[in-house]
Structures are given as C-alpha cells and as structure tokens.
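As written, the chain order gives the labels A, B, C, D and E, with residue 1 at the start of each chain.
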Amino acid sequence: MSETMEAAAAANIAPGAARRRQILTKATSRPAILVGVGVILALLAAGFWLPLPYSPTAPDPSATSLPPSAAHWFGTDGDGFDVFSRTIASAGRDLPLAVIGTLVSLLVGVPLGLLVSTKGRWPERVMRGLDVFQAFPLVIIAIAIVTLTGNKLQNVILAVMIINVPRFMRLIRSEALAMRESRFIEAAWAAGATRYRVLVKHILPNVAGVTLAQSSLAAAQAIIVIAALSFLGVGVSPPNPSWGLMIQEGARQMTIGQWWVVAFPGLAVLLTVICFNLIADGLQLASESD
Amino acid sequence: MSLVRVEGLSKAFHRANGEPVHAVNDVSFAIGEGETLALIGESGSGKSTIGRLLLRLIEPDAGTIEIDGQDVRSLGREPLRRMRSTMQVVFQEPYESLNPRMRVGDIIAEPLAIHEPQLSRAERQERVFETMREVGLESSYADRLPRAMSGGQQQRVGIARAIVTRPKLLVLDEPTSSLDLSVQAQILKLLHRLQEQLGMSYLYISHDLSTVNYVAHRVAVLYLGQVREMGPVARVVDDPQDPYTRALLSAYLSPDPQVGRDYEFALRGEIPSPTSLPAGCFLYGRCPIRLDRCAVPPVPLRGIDPGHVVRCVRAPLSEPMPVHEVAR
Amino acid sequence: ADSSTSQGGTTNPTFVYAAAGVPAGLDVWKHYEGDASRLVMYEWASTLVEFDANKVAGGGCDRLADASNLSPRLAEKWDYSPDRKQLLFTLRQGVQSPAGNAMTAQDVVWTLDRANKLSNVARFLMFDVAKFDKTKPFEAKDDRTVAVNLTQPTSLDVAIFTYPMLGVIDSTEAKKNANGEEWAETYLATAMPNFGPWKLDQLQPSSQIDLSPNPNFWDKANRGNLGKLVIRSVPDASTRLQLVETGQADYAERLSFDQYTQVDKSDRAQLINCVSPNRDTLMLNQKSGPFTDPNVRKAISMAIDRQALVTGVYKGLFKPATTGLSEVYWTPGPDAKKFEFDPEQAKTLLQQAGVGNLSFEILASPTRPGAYAQSLAVQIQNMLKNVGVTASVKVIPGATEFSDTYFKGNYQGVIYLEPPAVGDPFYSLNLYNTTVSFQNSFGYNNKQYDELVAKVLTTAPGPDRDALLAQASDLIVETTPQVYLVEQRYLHALGANVQGYQNTPTGQLFTYRMKKG
Amino acid sequence: MTVLKLIGRRLLLLPVSLFVLITLSFGLVELMPGNPAVTVAGNFASPAEIAATEHRLGLDRSIGVRYVDYLWHAIQGDLGTSFFTGQPILTELGNRLPATIELVALALAFAAVFGLLLGTISAYLRRSWYDRFSRAVVSLLQSVPDFVLALGLIFVLFYLAGVAPPPVGRIGLGAEAVPTVTRFLLIDTLLAGRPDLFGQALWHLMLPVIALGVVYAAFFAKMTRSTMVPALNSPQVEFARACGLSEWQVVRYAYLQARAPIITYGAILFGSLVGGAAIVETIFSWQGAGQWALDSILAVDMPAIQGFVLATGVITIVLYLLLDVMIMLLDPRVRYE
Amino acid sequence: MLTVNGITTHFDTRRGLVRAVNDVSLEVPSGQIVGLVGESGCGKSATIRSVLGLIRPPGHTVSGEAIFEGADLLRMSKRKLRQVRGNEIGFVAQNPFGALNPILRIRDQFHNVITTHRGRMPHAKTRAITLDTLKAVGIPGPERVVDGYAHELSGGMAQRVVIGMALVLDPRLIVADEPTTALDVTIQRQILDLMRDLVLTSGRSMLLVTHDLGVVAQYCDQVVVMYAGKVVERGRVDEVFVRPAHPYTLGLLNSVPRRGAEVHTLRGRVADLVDYPPGCPFADRCSFVLEQCRSVVPEQRTAFDGGRTVACHRAEEEVSVRVARAG
C-alpha cells in the first residue's frame, strides 16, 4: 500500500484565489459581522453624503423645541436645530473619529506590543510601567487632556489612544508570548528565520484575528469615550453636532417632556456600539473557529 | 567519520522561583553519516532538550557540539543561522508545528526563502513540489492551510519543510507519538525511505521502544538527563545490561496475547524530581538490584562490549533478560 | 420638602434650596468658588447696609434700587466726617451672633481688615471702586463706631457695603478658634460665625449646607417662618426643575430658559422675573485686527437681531439691550441713541471699512454667562453669516481656562456677562469699558468716555448724574466698546407657596424673610 | 512560595510603584496647559495679583523644583491643598472617596450577582434558546453607555413614573445629617441607629447602581459564560458527574475552576470604575471622587487632579496586590509554585 | 452485567451532524475485563459517555439501551442515574490532573462523593474511609495525601487517587477511559496491574478503553474493536488478536513496527463522521473491498464459533488471507 494513495482520498482542492475568496465569504457569511459592518457603513455614508433636510449647523430660531413631525422627523431642539439632520451629521464626525482613533491606536499599539513581546528584562520593565500607567483613571486623564489642551480633533484621537494603546500592547504581548512558546515558532527558529521574519511572518498574522476583534471593541469603546467627552462639553466645537453633545443638551430638555432631543442621539450611540460589538463578537468567533 | 559529536553536554533550566531543573547531565554521543541514533526515555528524561541543544535552539551550560566538523557552540548568530540549512527538526505535534495562517506551500518554502534567497519563484516552487512528491503529498496540497489536512499529512508537511534544504542531520522529536498506529506506520516508512534516498543522519527521539526497533541503528537510553545505556539496537534491546533499560523493556506490552508477560522487572516508586538529583546512581532509590556502593558517586558509563556502554556497576548482569517478541 | 417640628411644638417649614453647586469651604475671602460661594454668601446677610427695594417703584422688580436707596442693617446710621476724609458707621445695638457674642466695632474692623488682606474682590471694591485710604482704611472709634478713612469721597462709599463680602464676621468666635492663625482661615473654611439670620448646622463640603435660624438674630420682625434652610447641590438643571415642580425643593436656581417657561406654567411653582443690571455681551478684541475700527464693531452690532436672540435663545424672558447703559439705571429720553438692527447698513459699513470676508472666532463658555452661551454664539454666527461675516465658535468648558483667555485678551470675540457686584451705573460704566479697568481686556480706549465716567463717580444721584448717564449711553451706542446684546433679568423658580421675594440689584433671595405655607 | 512571602515581596515593590505613580501623576498633570492662578486669584485680580498668586502657589518655580517639593510632601503624606477651595487634598479625598467606593462597590456587587447568574445559566444551558436570548440581551446591555442608561433611567423611573428618587445625591433633600464616622453613608446611618435613613440611602443608590451595574453585569455575564463553558465541559466536571455528584455540586466544581479570572476581572473593574464612574456621579450629583475630578479639571486645580490620579492609582495598585493574595489563597496551585 | 444494545450518539456541530457512535452493542460479563480499542476519534469515549448518560448538548444519544443489572441506564430518571454513577459504576478518567478538582483537598473531594451517595456524615468518618481506600490503591503515606491537593501528587499517585475515588463506594462495574495514556511507561504497568487485581479479587467487571493494543492483549478478556463509530469486531482477546476476522483489526495489528520487518500500513484516512459513507465505513481503506461494501452496511455476524461477531461482508473468507500473510 503506497502512502501517496492517501492523497487520492483528499478531494476538492481549491486553488489560492478561490480559497481566499472562500475565507472572505466565510467572514462575511457571519450575519453578525455583516449586519454590524453594514449599519456602520450606512451610518458613515449617511453622515457624509446623505442630503439632509436641514442644515445641521444652522439653527432655525423660529422652530425651536418642536416634537417629531413630518417636517422634522426627529423634532427640533431648543436652539431650533433639526434633530434628524444633526443625528445623521454626527455620524460623519463621531464615527471617523472613533475609527481613526482606533486605527492610530493600532498603528502605535501593535508595533509596541510586538516590541515588548519577548521575555527579556526590558520588556518586563516596560510592562510593569504599563501596569502603573493603567492603574490610573485613564478616562479621567483623557478628559483632562482634551479639556486642557483644547477641543481639537487630534486631542480626541489622543484621548482614544491613551485608553487603547496600552490595551493593544497587552493583548499583543500576551498573545505573542504564548505563541512564542509554540512549536511552529520554534520550527521557524530552527529553520534559521531572523527575528524580524518571526515577528512579521509568523506572530503578526496569528495575532491579527484577536487584534481585529479587539479593535472593534476598541472602536465601540471609542464611540462611548467620544460621546462622553462631548457630553461633558469637551471635544467638540459648536455648532458642529456630536451625539454626546446632543445627549447633554437633550438631557436638559428631558424634564420638560422633550424626550426626542436626547432619545435619537442616544439610540444612535447605542446602535453604533452594538454594531461594533457585533463585529467584535463575530470576528472573535471567526478567529477561534479558524 | 561521525557527522555529530557531542561531548559532556549539560543543561539546567531555572524555574520562576529559581530552582534549577537539571534536564540534561553530562551527555556524550556521536552519530555517523547516514546513521540513526535513537534517544529513548520516559517523559521528562531530557530527550527533547538534547534535541534542542543539538540544534542550538537553546544554549547548553556545558559541553561541546560538533556537527560536520564545525564547533556549533562557537558560531555567532549569523553563521549559525546559515548553518541551520544543514540541520533540521521535525516535532511531535504535527499541527502545532505548522503556522496555522500559512499555506502548506509557503511553509515548505520557508527554509528555501531563508537560505537560498537567490532562487526564482519558479525554481522555488519546483523545489517545493519536488519535496512534496518525495514525502508523498500531491502538489495540489500546496494551497491548503494545515488545518484542512489530516494528522499524517500534516506530519508529512513538517518533514517536507525539514528536508527541503537537504540537511545532513534531522532531529526527529517523537514524530509519530501523537499519531494513530496506522498513520504512524506510514510515517515510519517514509522516514526510512528518505534516509536511504538522501543519506541523512537522524537523531530519533522516542519513548516507544517498538518504533525505535524499526528505525534506529543505535540507541541511547536516557534517565533523568543521563545516558544509562548506549549501543547497537540489537544489543541493547536483546540483552539490556542496565536495570533501567530492563524495566523499560519489561513495561512494553506485546499486542500478541500469546506472548506472556511473566517476566517482570519492575522499578519501585516513581522518577525523582530533576530539581534535586540523587547523589550516586540516579536509579538508586528505585533499583531492585542495587548495592550499597551505588549511592556513592561517581557512577560513570562503562564499555562492556565494543560500542556498547552501560552505567550500572553490576553490568554485565548475570541473569539474562528473556527475549521478547518485541526484539524480533 | 417636609416640615420639621421644632421643640416647642410649632411647625416651622424647611426651605430646600436646589443649588447648581455648593462650595467646599465657606471662607469666600480666601477661596471664592464662584457661583457656589456667592449663593452662600448671600444668605449670610451680615452686611452693614442693604439696598432697599421698598424705596423704588414696583417693589424693585421693574426698577433697581441704587446708591440713593440704602437702608441700615448692622449699621444703624452713617455719615461723613466734617472734613469728608472719614466715613463713620454707627453700629446697631443688641446684635448677636448665634454663639451669643455681641457685635462691636472690633468685629467690623477685623472683618474688613481681613477682607482687605485676603480678597481681591474686596480690595477692588474698597480701593478701585470707592477710594478708601490704603494705608489704614478702618479704625474703631469706640465700641459702636467704625471709621473708614477715605482719600476721596465717592457716590459708592456706602453702597459697596451692601456687598456680602464686606459683611461682618463674629471675630470673637473666629479668634477663639484661630489656633494661632492671624485670620483664622482654617476655622472659617468650615464655620460661619456672623451676625446674620442663620446658624450653620452642618456643612457637607460641595454637597449640602444645613442652616437653622440664629436664635439671637436682631431683625426678628422681618423674619419669615422658616425653621430650616437646606442648600443642596443638584448640578443637573432638569433635576432642579423637577424638584421644584414636585415640591421637593422650594427654590431651583440656574435653570434653562425653556425650563423657566415651564416653571411659569406650573401650578406648584412660580416664576419671578425682575430687572437686573446684568447684561450679556459680545466682546470684540480691538487691540489689533479688524475690530480696531469702530465701524466694524458697529457693523457687527447692527448685524445682530437682538429681538430674535431674545425669542430664540431666551424664550422671551429677557429684553433686548436697547441703549448703551442699561435702562434699569435710568430712563432714556426720546432722543437717546438706540442699538439698531440693520444688516444692509452693516454690510455697507463693512465694505467701507474694507474688511470683506471678515472671519473671526467667538469663544463661549458654559461657565459664563451660562449653558446657553453656545446657543447664543451659534445664533450670532448665523446672523453674521447674513452680512458676509464668518464666525466660528469655540467652547471653553472650564472657568479657569476661560478667565485666563479672557484676561490675557487671547480672543477675537467672546460671549461675556457683566454682573456688577454693586448695582450702580457708575460701577457698570467703570468696570468694563474704562481704560483703567482690568476687565477691559478687549482694549477699548476712549478718553471722552473715561472722563465722563470719572464725573459720574463724584456726582451724587440726581438729575446731574442722569444727564451724564445719557451722554455715556449715547457714546457707547456710537463707539461700540463692546456689543451689548441682552438685558438679563433675575429669574427665580420658587415653590408656589413661598412668598416674600424682593428684588435687589444683586438679585439675592434673602431667604430668611420668606414665608412658606 | 507562601502568601506572606508574596505579600512581603509585593510590599517591597510598593514604594517603587508609588514613586512611579507619584512621578507619573505629577508629570501628567504638569504637562497639561492652563494657568490655575487666574481662577485662584479670582475675577477681580489685576495682573500683579495674578503674579502674586502664582508666587504664592509656587507656580513660578521651575518644574524640577516643584517636582522635588511635591515628591517630598507626598512622601510625608501631604498632597497639598486645592488651589480652588483651599482644602487639603487628603481631606477632600476623605470626603469624596467613600461616596465613590460605596457606589462602585454596590454597582460591582450588583453586576457580579447578575452577571454571574446570567453567565452561569447561559453556560449551563449552552446553545439552548435561553442561551441565545440571554446572549443577545447581554450584547445589547453591554452596548449601552452608562451615562446614556443613567439618563434613560432617570427619565423613565423618576420623571415619568416617579418611582425612583430624584438624582440629587446620596440621600434625600430634607434628610437629617447623621454623624460622619466612616463616611460610608450606609454604615454611618446604621451606626447612628437610623434604619430609615439607611433605607433612604439605599434607595438613592438604586439608579446609579443600576446605571453602572447593568453594563458591567453584561461584561460579567460574558466573562462568566466564556470561562464557565470550558469549565463545564472540562474532564473534571465530567468526572464529577461520573461520580454521581448532583448538578448543583457539578456547577460548583466548574465555578471553582473558573472563578480566578472572574475575580480578577472584578478587581480590574473596581479599579477602573473608581475613576470611570465620574460621569454617572455627575449625573446623580453623587459628590464622589470622580465628579470632584471632573470639576477639578475644569478648574485646572492641579493638586486636586494630581491627588485624584494618585489616589486612584494607589487604590488600584493595592487592589491588585490584594487580588494576587486572594487568588493565591483561593487557588492552591498558585500557592504551591 | 452491562449489556449495551444499539447505542447511537450524534453531535450537532457547526460542521454538521457528527455521527460519533453508530449502533454500538457490547457486553461486559461479570468478572471480566473488556477492552474497547480503536484509533483516535472512532467514538470510544463517546460510547462510554453515552452509557453513563454523560453526553451533553450539542450531543444526543438518539437510540439504544444500556442494561445494567436489569435496568436501562438511558431511560432511568436523572436522579436514579446519579445514584448509579459513582455508586454502582465507578469511572476512571484518562488524565488524573484533569479529573481531580485542583481547588479542593483530596479528602473533600472524597467527602463530596461519599456523602452524595451515603448521606450526610461527619468529615472524620469520610476521611477514615478515604484513608482505607487510598491504602487499597497502594498509595504510600495516605495521611499526607488526603489533606493535600491534586497538583502535589505525581502522575501515578494522582491516577491512583482517581481510581480510589472510582472504587470508594465499591461499585460493581468500573469504566476506565484510557487510564494510563497520560502516564509514564514504567508507571503504566503498575497502574494496570493494580486495576486488574482490584477487578479480579472482588468479582467486579471493567470496561477498559484504550488505543494501545498491547494493553488489550495483556490485560483484557474480551475486546471490542471500533472503527468510525461502529463496532467492527468483538470477541475473546486471544481469538481476535490471533485470528482477526475484520480487515481493520488485521491492519491495526500489522501496523505495529518490528525490527527488520516491513511495516504494513493502512492506506487512506479514517472515514469522515459527518459525511458518513453509505456502506461499510472501512471500505475506502480495505484491501478486500467488494462492490457491495460501498453501498450495503455490513451486518454484525457471528464469525467462527467462539462467540465472535464481525461486521464484514467477507468475514468468513478472511482467515485464509490472514494465514497467507502470516505465512
């Protein structure tokens, strides 16, 4: 009995391109990921391109505090802003901020995480330092930075980074450390791979899945942080809309029965965070079942 | 001439609390060209550590390693990296030793990419396909991810990766122990054939005597990081001269119910911890035929026949070991 | 809030004051914590004199009492010395602190010296508004007479003593607990020994202050029926509204205008809406840049539809600013100059000034004038767009950063609030637009204006002074030192069953006079 | 290694951590712009007075000098006084932290109880309709930002339904003050023998605890499920079943195995909530440390921000120490190493 | 003592329905050790878990019965089944460290097991019972062991503790799932001897799951060979191993390498339990395959006279083939 016959038993061989497509379909066939990405993209697109019934930055002082109606679907707020227009327009600001903040965190956190993902003395020290840093109330520090350095977008991104970079570093490090013990890394060393090759060709692709899942969570977190910042009145310059700011203004109107000012941006935040969480969960599952 | 010469190799690991784990203690051996030396011993006896030391994946505490006349320990990082094309390894866990995100073709091509970067894509591909044919994998498998293959196929990929640069030495760390019996036989045959075709030397690591019997020319029996007995397979298995080898052999259960198991050479208790090794003979606490002087160091290896060394002071043992079916 | 039963069996209701903030400490001289400190300070009511709303028409709600409408409190009477170098206060007899110490001139002098030492607001009032003698401003002539040494008498010499920061501390008690500190700062941070109507029961820093009546209070006749005053920090405006609407609180401060209209409609709460000297303004930095040209400033002023602001932002509760000086201080004649809304004219002016495509940044801070600052800025931004001026809005959330920016003049435009500490035209005219005023960070520099204001200071209330005020008002309309937007009014959301509010220039409640029932 | 040895070693490390903490908190806050002297000097301050204030606060000294000074005082347990209120920072912390800790501890207890329950049932009934439903609910709850939930709860339960107390802080408006002993209101009211006020305090804790707790209950549930599923499928649990132990015992065995990461998660959450509850505190006028920190940020009250950052840092570090000790006590395997 | 008839267990996974156990029947007579062998994943563990009612969702035991001392374990109430488990059927797990609770002391784990079946009793009493049991399974110094934790033990000791726990209530039947694969070879021998002695001396029976043919050959009376969720051959060890009737059994025995001899290999790989072949699951790998093997499922039939059953269409012919090969 020849052992090559074993090969005959293996059927349906997919060539490279088709396989890649197969993986893509596998990821996108998860309804959770699909719904999540779909809604986020739709919100984003709407935030940028949807023709809005009213200007989101120019209030109409003669139409203040109107309840939802055919003319104003989500009603108007105390200044005469159309809540619908502002809710949609906010997506064009809050979402890119969250995504960019997360991407920048990734760009900084992943290389740093890889750098400290060895067992040496220095990486250990860096991690101890990170422990202390993470012992701080990072949300408060983020708020402090944005408050004190001004409502600039880059500061909001910095705030998102402060919270997320240490998390990415930790995640990458713990995953990579565990992976360093694994046989295939040892095999790579044995094959004479350089450190760079091991990091980039072997470790990085294998932490990509969890990192991606974590990024989605981080984006969800970023949305909340951005909303919280503007809720406190920092991080956004009026009349530019932002969900957090709308919620804060709406909270004041709540007592006089004008629930719509707070409800719609509140739901928008909720929806976005749910979507990011869905994506994260989906990616997590996908990376586990891989 | 020997391809590999190892002299006085020792290695201790350190636990988090600083306790030393004496994994390998003063081990010496040589492997000739085209020869297979088997290392056998129970779990934790230091087999894998010796394999790693040989490949210099970890640094020894003491001892010399010569491969092909080169003193491996004196090599710097770059020369060592380049030398790795001549010595390769196959691990026990076929799936774990393959990068789950890399396609089989890329996995096999990796050593080529590292050591022969001058090759063109097509040349490299050709070499990969050739190697895949050698290990009995269809070239269509090159596009697969490891998880889409059976354990036997995965192990073939691991072997293909190891031999693609035509190494002179292959360390086989229990290459079949996680495989089923039927698959194990396939892999053993493959290894046998490859050695004949390519003239490689093997350091074959196993805890299972039956496969050693089939694969190896010579065998070294390890206990607590120490060689208990070393010699030609026929000699060591047919007439073991060390109590530990005997115990190991008697633990082997023949699949033939007609072969009895009346000969028992049982050791007492369990293996001592490698953190605090016994002073004299490492087997002293468990040995049924020990003498008082066994507790007193040193207990060196002694040659009792040409090419056959034993550590037991009582060797050659007067009472012969009954011949097992396993020895056939 | 529930009523509490006093020992004697009679029921004295508790008054719950829902405040936006409560201070961490009570030493307003050493650590003034803004609005939170001010409200507590107002409740002390331990001043030598007070503005008397009864002396003006409408009980003070339509017209403000001014320096000519003062009435005695801890000082029984006051007079200048014959050489007019000293102001002499004669103290009331039988005034006692909750601890039972009788007030003496020593108390007054110690308090004022202390204020001089610790508070720059006090110093500002004493030496920049009034012109007390810095070397030795206060002396005790005898137990009941306090002399204030003056470099020059002014129309505000007595009126500044309405300001609670110049109120009297029980120095006997303070010294007793001073633990060696000259000014007993540690003790006074958590205690309020004074001669006012209340005794401190408990201070929960930043959270709640419990007060009960001073058993030894001198003005029992004017006391209402309150058995307890609880000042509670409720930072959220909608909660404050809800509390006063449900009767859980008797007073809610600092609501939004929407919320005040809601109070007006509510059965369980009443809205009090009375005149105030405070004005919301847009300050334009004229030290450099386009606003150095008065016509550009005037064009901005003309581009703003103040009435639309009042309806849009203030829900009609305030009044547009019409004249250069607030109408609460004087009655403009028919020919008085008025702010105009004329976008076309504004465009022309801008063209003439050669500043087409003018663009600038407006700062707004919720800390001053209030949460609506942003809305105001956004509406103005919109109005300016109509005359081709591009304004961007920047919000500064923190008070510190805002004052820092303001006083350094690091802005182009800023929404601001003028709340005079002493409700008097001189005070208002002087504080903001004169070259000597440090508040003038926008760089208005007009000799004629400065001279006019100097004359107002030394002119006693009467027709002469009114004429000067008219001139000053017109000058403001003409030269636009800053863009006055809206006349604020004092808005009070009180429980429906509370009576006894009288409007004074500070707008303070004088809660102890209130009746609930 | 024994527990004592571990504590000893960690305690030896504590000064180093503290030093790093102090340095970082000083540095972080110092690097932020804004001149507190302006606020401190007050509205009527002239530039000269502002300069004088700067001098008085020591802000005119070089950063190095101030750092050494801060460090020196911090070592002696003096975190300075607030620029804004003049209160010693330690006093302020003493006033504020108990409120926060009370809130956070209860919220965490709420989260832990509900999260553990939900997660355990979910893990036990894995893949049943209940599991699917509960996971969907958990995903939803996990996505509600705490401050949005807080506002929603206030709107529905207080404004509309009137069943919840107003968000005015830790106790009702007219409530009598009880003597402050521990500053934990729940304890102080009991010490004062006032069960009515205790009830009221508990009543006022309800909404903020739910607002904070729900989100974290969701996280707990997720965490519990993900550790309990493998635990319930472990050979250990199978062996327990094979020995005929009751299902209750079986779940207990699984829980024993899964609890270390859950407890760790709880501790990490506690640490992050002490600072992270700030917005909810503000919404409920809790007068806790987080709210104080936010106010201090707006006031550029540097000693206060530094004090807060340092205090929460110390709490977290001490918490982690306790956590390690606890894990060690709970898990003989760790103790053995 | 235990008669299993036609047990079928499926797992409903994302990949599809995994047919882990298909119509498995076996018998464990009193006083005997029955070995259950087969390659990894062929359903050995799933079979015994089905018998003990330990299959959890997404797995379901679809049909079959497991008669233990007259009662069907699969149709018993949960409560009753729990009483049988541990009490009348002892279970020995593969990996002792996986099976023992790392957080609880050994004595507490014994206490829980004992009190579950024997009702409340003081700790002192259960401790005494535990000590006796531990002595019986050959643990030196049991006093030290009872008060310790699992991780303080060596592998062999831990496995003895697990055996002790399976035996503490003196069950009639012991089910052991690969009790020695996690142990060192020299220890394996000690443990197997111990288990055999415990069974033989007290008239108990044992169902021993293993993939080690040597263990079966040397320790079992009967053997059940499984392949792809099915029993392919059953009979006395000395008959089955000497004259295997099923090509799979034959292939397995021939795969054992011997020095100097050619190893025989089974080609191909184990049948897919999701995409289950319609006929004989071994057809693809079989050198004796016929047309009908690919479409018709072979019945269990008696081969030779010794009470052996084989599921192969060519069961009768094979003897000669085997003999030819061996010759």
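The criterion applied here is as follows: a contact is a pair of C-beta atoms (placed from the backbone, for glycine too) under 8 Å apart; a residue touches a chain by one contact, two chains touch by 3 or more.
No experiment lies behind these values; they were computed from the predicted model shown.
Contact with both subunit B and subunit D is made by A, E. Chain pairs A-C and B-E differ in how many C-beta pairs are in contact, and the one with more is B-E. Centre-to-centre separation between subunit B and subunit C, using Cα means, comes to 91 Å.
Averaging C-alpha coordinates per chain places the centre of subunit C 39 Å away from that of subunit D.
In whole angstrom, the spacing between the mean C-alpha positions of subunit A and subunit B is 49. In subunit B, the residues that reach two or more other chains under the touch definition are 150, 152, 186, 189. Multi-chain contact residues, meaning those touching two or more other chains, occur in subunit C at positions 236, 239, 242, 397-398, 401.
Contact of a single residue of subunit D with at least two other chains is seen at positions 34, 154, 159, 282-283, 297-298, 300. Considering their complex, residues 1-2, 4, 14, 16, 18, 23-25, 27, 30-33, 119-121, 123-124, 185, 189, 201-202, 204-208, 210, 230, 232-236, 239, 242-243, 246, 248-249, 367, 397-401, 403-404, 407, 438 of subunit C touch subunit D. Residues of subunit A that touch subunit C in their complex: 57-59, 61-62, 64-65, 78-80, 147-148, 151, 232-234, 236-239, 251-256, 258.
Residue ranges of subunit B in contact with subunit A, taken from their complex: 55, 57, 81-85, 88-89, 91, 93, 96-103, 110-111, 114-115, 136-138, 140-141, 143-145, 147, 149-150, 152-153, 158, 161, 186, 189-190. The touching residues of subunit E, counted against subunit B in their complex, run 39-40, 154-157, 184-190, 211-219, 237-238, 241-242, 251-253, 255-261, 263-266, 269-270. Those residues of subunit C that touch subunit A in the complex are listed here as 236-239, 241-242, 256-259, 262, 308-309, 311-313, 364, 366, 371, 374-375, 377-379, 381-382, 385, 392-395, 397-398, 401.
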